[in-house]
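Pasting the structures in now, so scroll down.
In what comes next, chain A is part of two complexes: it sits with chain B in the first one and with chain C in the second one.
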Partner chain A sequence: MNDTVALSPADMIARARARVPRAIDIPLRERLQPWAIATATFALFIACCIDLDLGPDVLANGIGKLGGILAAMWPPSAGGQWSRLLLAIAQTLGLAVLGTLLGILGALPLGLMGARNLVSNAAIHFIVRRMMDVFRGIPALVWALILVAACGLGPLPGVLALAFADIPRLGKLFAEAIESVDRRQRESLQATGASGSLVIRFGMLPQVLPVCLSQCLYYLEQNFRAAAVVGVVGAGGIGFELNERIRIFAFDEVALITILYIVIVGLLDEVSQRLRARLI
Partner chain B sequence: MSVSALFDAEDRRRAAVFEQDWRKRRLAHRLQNLGWLLLVSALLAVSLELSELRNSSVGLGWGERVATFVDRMTPHLRADALFASRNTDGSLASWFYDLPLWLVAIRETVAMAIVGTLVGGVFALSLSFLAASNLNANRPLRVLIRRSLDAARTIPDVILALIFASAFSLGPVAGVLTLIVSTTGSLGKLFSECMENARIREVEAIAATGGNWLLQMRFGVIPQLLPQLVSYWLLRLELNLSAAAALGIVGAGGIGVELQRAISFTEFDTYLAILLLIIACITVIDLVSERLRHRLIGAMA
Partner chain C sequence: MLEVNGLVCRFGDVVAVDNARLSIAGGEMVGVIGRSGSGKSSLLRLINRLYTPQAGSIHWQGACVSAYTGRDLRNWRRRAAIIFQDYNLIPRLDVLTNVLLGTLATRPVLPSLANYFTPELRARAVIELDRLGMAEAAFKRTQYLSGGQQQRVAIARAMVQDPEILLADEPVASLDPVNSEIVMQSILDINRSRGLTVLINLHSIDIARRYCQRIIGMNQGRIVFDGPVSSLTDRAVAAIYGVTVDPEDASSPERREALPIMEPLLATPAQKVVAR
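The block that comes next holds the complex of A and B.
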């Protein structure tokens, strides 16, 4: 106690500085860094806005019209076409199911080839992984546009577009699921003298299947959204109906379809979450 | 002496009970699997029926159709004229004939993604404090904000873009607004989940020194979550870039407009050229953001 009293304030400060140097002396560069990042981000933001002609007058102008549209949405109305709308929603669901299934079928071989612990050839593994990374970024709508041009209007390009968009994403997830398998279970089966297919069936499948199934369910959910989107460019279903009504400014019907859609997505979400919780 | 003589009757009885139980379990398991299989098959059949996939005819035979299509999509490059000028058939420059225009359109798409992600991120951050159950005790307000975020996330972005386009006319502004709404929805959910995992002791420490709610959030919550939040934000930027490219297809500005134009003039090789440009752009952003994210995660550890 005595020596703390004997210390001069300057000494105390010096001691404190020595003990926690970063509490007081943060170099100027480090203190300026957050501000520099913030300024740069803000400058980038302004530059982008100028590039896009996004000014307050444009926004003010549009918001008035948007208010009119929102007002026109009330009260929502089915326009006397309940059965047609429900059928369109069911069609969209069908599109999502088929697209997901086709995507899973396409992703399985890629996932197997992309897994490092199954394919020892580094070149194959590398190429498959890179290809999947490259194609992962292409949204279903971009696929749908070209496929509609290739095979005509209808559900076929929609299903194919959903599958093409899913294959690289699911393939990557499958490969990662297979790579994260605990190898001890495989080894113990190999030690009992089981054949290759038995090792896969009992040593890997039980570990991989729940993870993959839960991801497939998640993609089914996502594809319900994507199926509505590809409908806009001519793959039928609810997207087509919505697009049609937006173009003729029938916003009360748009509101009804949107509400219906949100409710159904919510239900799907709930079901798939329950199933996924059971799987894992 | 036979092997069975080694076991007495009691052992055999136990074995029989075990066998019986095992068979019963196996049967139940198999029935359950069969049930799932039937359910999935039924779902599949209904989907096939509803989507009218069976009725879609492909005109020519499949093989022929695919062959013509692939032929029209691949550019007819000639080795001797590969680097010739734009006006020579078979040169790279004639394949990418509108490159300067496309680059401007790509810049527009990138700008859309940046503005959408920035503004959406700011909205999401402000709302996520109110949507996190440990930071906002007002339950009705919390539920209201959460439901709104859910709705913003659920409505497909293309539909939003069409609605915004009817108010703000076709162009990038409609695309940016769409991205803002969908980013607010998805990042708001992720951010609020992050905040629910935040340590509350820091917040309490700030409260004990007399800091108000804003200061508690600024100095108690943000510093511990910043790397995570920024990494989610960067991930969203990547996703928004491809979303922005797609939004152009319905007229919301950027490179998608050029894609749509290529299709309406049935220039399938041009479509491929633009697609390659988009892929290149996404890959670059991907790599940069992956670097940044790894650095951030390193900083967090």
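The block that comes next holds the complex of A and C.
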């Protein structure tokens, strides 16, 4: 029935080799490539371990201590401070929300100015984009360290740190969302004789808004995590409480805070995911 | 021989295939026509067992393939090769690798995971590609190929599966007329030279008439027509597509104006382009 099956394997290989040699005789370089990559990755791993002085003994020692701490975590306890902990969680949530909102406010004008299809002036576009590129490298934690030193302990440096970290990132995302709109929708609005602002309102906004909102929600999720980290360096909230408990070796309370935190993060992720699914 | 009996497939409240019954002898080339949503694609996917029927049975050479599970099921999918409207190739992989994917079901898993294929398999893939005029493109990524070329790669992938039946789901619906002819001709050649049974969904009545010996018509999940191409009259076509046309009326200008959608369907044999 099938005439290729009738050919002997040797005949088949000879025929294919004559037709496409490289399919049968794979070049040595290509064959060695995966092995070379695997070897190089392993070598890099070893080199990093040597660089950091991470021998098996260090690892065993560390894991032993970790086991001790894990044992001290059981059973988790609120230390009779439930209301204080819940308040701290609420404060962290507040940090995240305010930080995100300020970030969005700051990012909006930058995003609009950074979009090539809105601002035709190449110089403005270039400067805004490069500025955002430069500041995008600074994480919220570094901003928090600087701002705590500048304006003292408390939630204000926390909020500002989150906002400052978000502005260049959200700005870039907004600009890219605006730049990737379907030109034809805009064109069809222009073709109706609508004025510039209406072209943007109906020819671009419906495309850009869901993308941007979904990104903002994602940043809110991220900021709730970042708010806890920022809290550790003195910007208030649950991170601050966590740090205090670790200093006095109250690991049972650390465990409770961690569990509480995980639950809230999970809830927030769930809510945000549903909202985002509905947006897009 | 393929035998389908009382086949039912539902998605929620939608009945995609409703009590389908058909029987196809080995080596036949059968066209399935019908509107979008009439259940053609579901029927093919049920036969290949990509979908599981809620009721009814599918038998191949006497064996009940609708009861297969696990290894038997995967082996049946290999034997009932399918090609798709949008080719469904892996764009990031080159042509040769795409074709070799057709051999996965019969090979040990570990070497395949490491993307290793024996020289014999690679030779087989090259030969199948060469038959379809695609050997030169063996190391191109499929995303850089034209639609007609991609569909030929998909056919080669189906052929290295060593299938016993070829299912084609609107294989030329996304192609221009020239490429449609090339792909249809390739499928016909496979049917003739290898005696492979072919069940092919088409939305062009004209192509169905020229390439198939037998036509099955579907409407709202039901098989409403099954017969040789010669019995597929304009009236039968109208019934399959759910439009009632009085044949005497159909050719009159007013009637045609009222039913512009019927124009291509009612194309007379004189208008057909004869392939080959």
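Keep in mind that, in the parts below, the second predicted complex is superposed on the first by the 260 of 280 C-alpha atoms of A that agree within 3 Å, B and C clash if a C-alpha of one lies under 4 Å from a C-alpha of the other, contacts with A are read in each partner's own complex, and residues count from 1 in each chain.
Operating definition for what follows: a contact is a pair of C-beta atoms (placed from the backbone, for glycine too) under 8 Å apart; a residue touches a chain by one contact, two chains touch by 3 or more.
Keep in mind it's a predicted model, so treat the numbers as computed, not measured.
Asker: Based on the superposed arrangement, let me know which partner A:16 touches: chain B (first), chain C (second), both, or neither?
Answerer: A:16 sits against chain C, while chain B stays out of touch.
Asker: For the overlaid complexes, name the partner, chain B or chain C, with more touching residues on chain A.
Answerer: B
Asker: So, A:266: does it touch chain B (first), chain C (second), both, or neither?
Answerer: first
Asker: With the two structures laid over each other on chain A, which partner does A:90 touch: chain B (first), chain C (second), both, or neither?
Answerer: first
Asker: Under the stated touch criterion, which partner chain does A:249 make contact with: chain B (first), chain C (second), both, or neither?
Answerer: A:249 contacts chain B only, not chain C.
Asker: Pick out the shared contact residues on chain A: the ones touching chain B in one complex and chain C in the other.
Answerer: The answer is that chain A has no such residue.
Asker: Can you list the chain A residues touching chain B in their complex?
Answerer: Result: residues 41, 44-45, 47-49, 51-54, 58-59, 61-63, 65-66, 68-69, 87, 90-91, 93-95, 97-98, 101, 133-135, 137-139, 141-142, 145-146, 149-152, 154-156, 158-159, 225-226, 228-229, 232-233, 236-237, 239, 242-243, 246-247, 249, 251, 254, 258, 261-262, 265-266 of chain A touch chain B.
Asker: Spell out the part of chain A that touches chain C in their complex, as residue ranges.
Answerer: Touch list, chain A to chain C: 1-5, 7, 9, 12-13, 15-17, 19-20, 22-24, 34.
Asker: Report the residues of chain B in contact with chain A in the complex, numbered from low to high.
Answerer: So the residues of chain B touching chain A come out as 43-44, 46-53, 56, 58-59, 65, 69, 73, 107-108, 111-112, 114-115, 118, 150-151, 154-159, 162-164, 166-169, 171-173, 176, 238, 241-243, 245-246, 249-250, 253, 256, 259-260, 263, 266, 268, 271, 275, 278-279, 282-283, 286.
Asker: Spell out the residues on chain C that touch chain A in their complex, using ranges where they run on.
Answerer: 96, 114, 119-120, 122-128, 130, 135-136, 138-139, 162, 193-196
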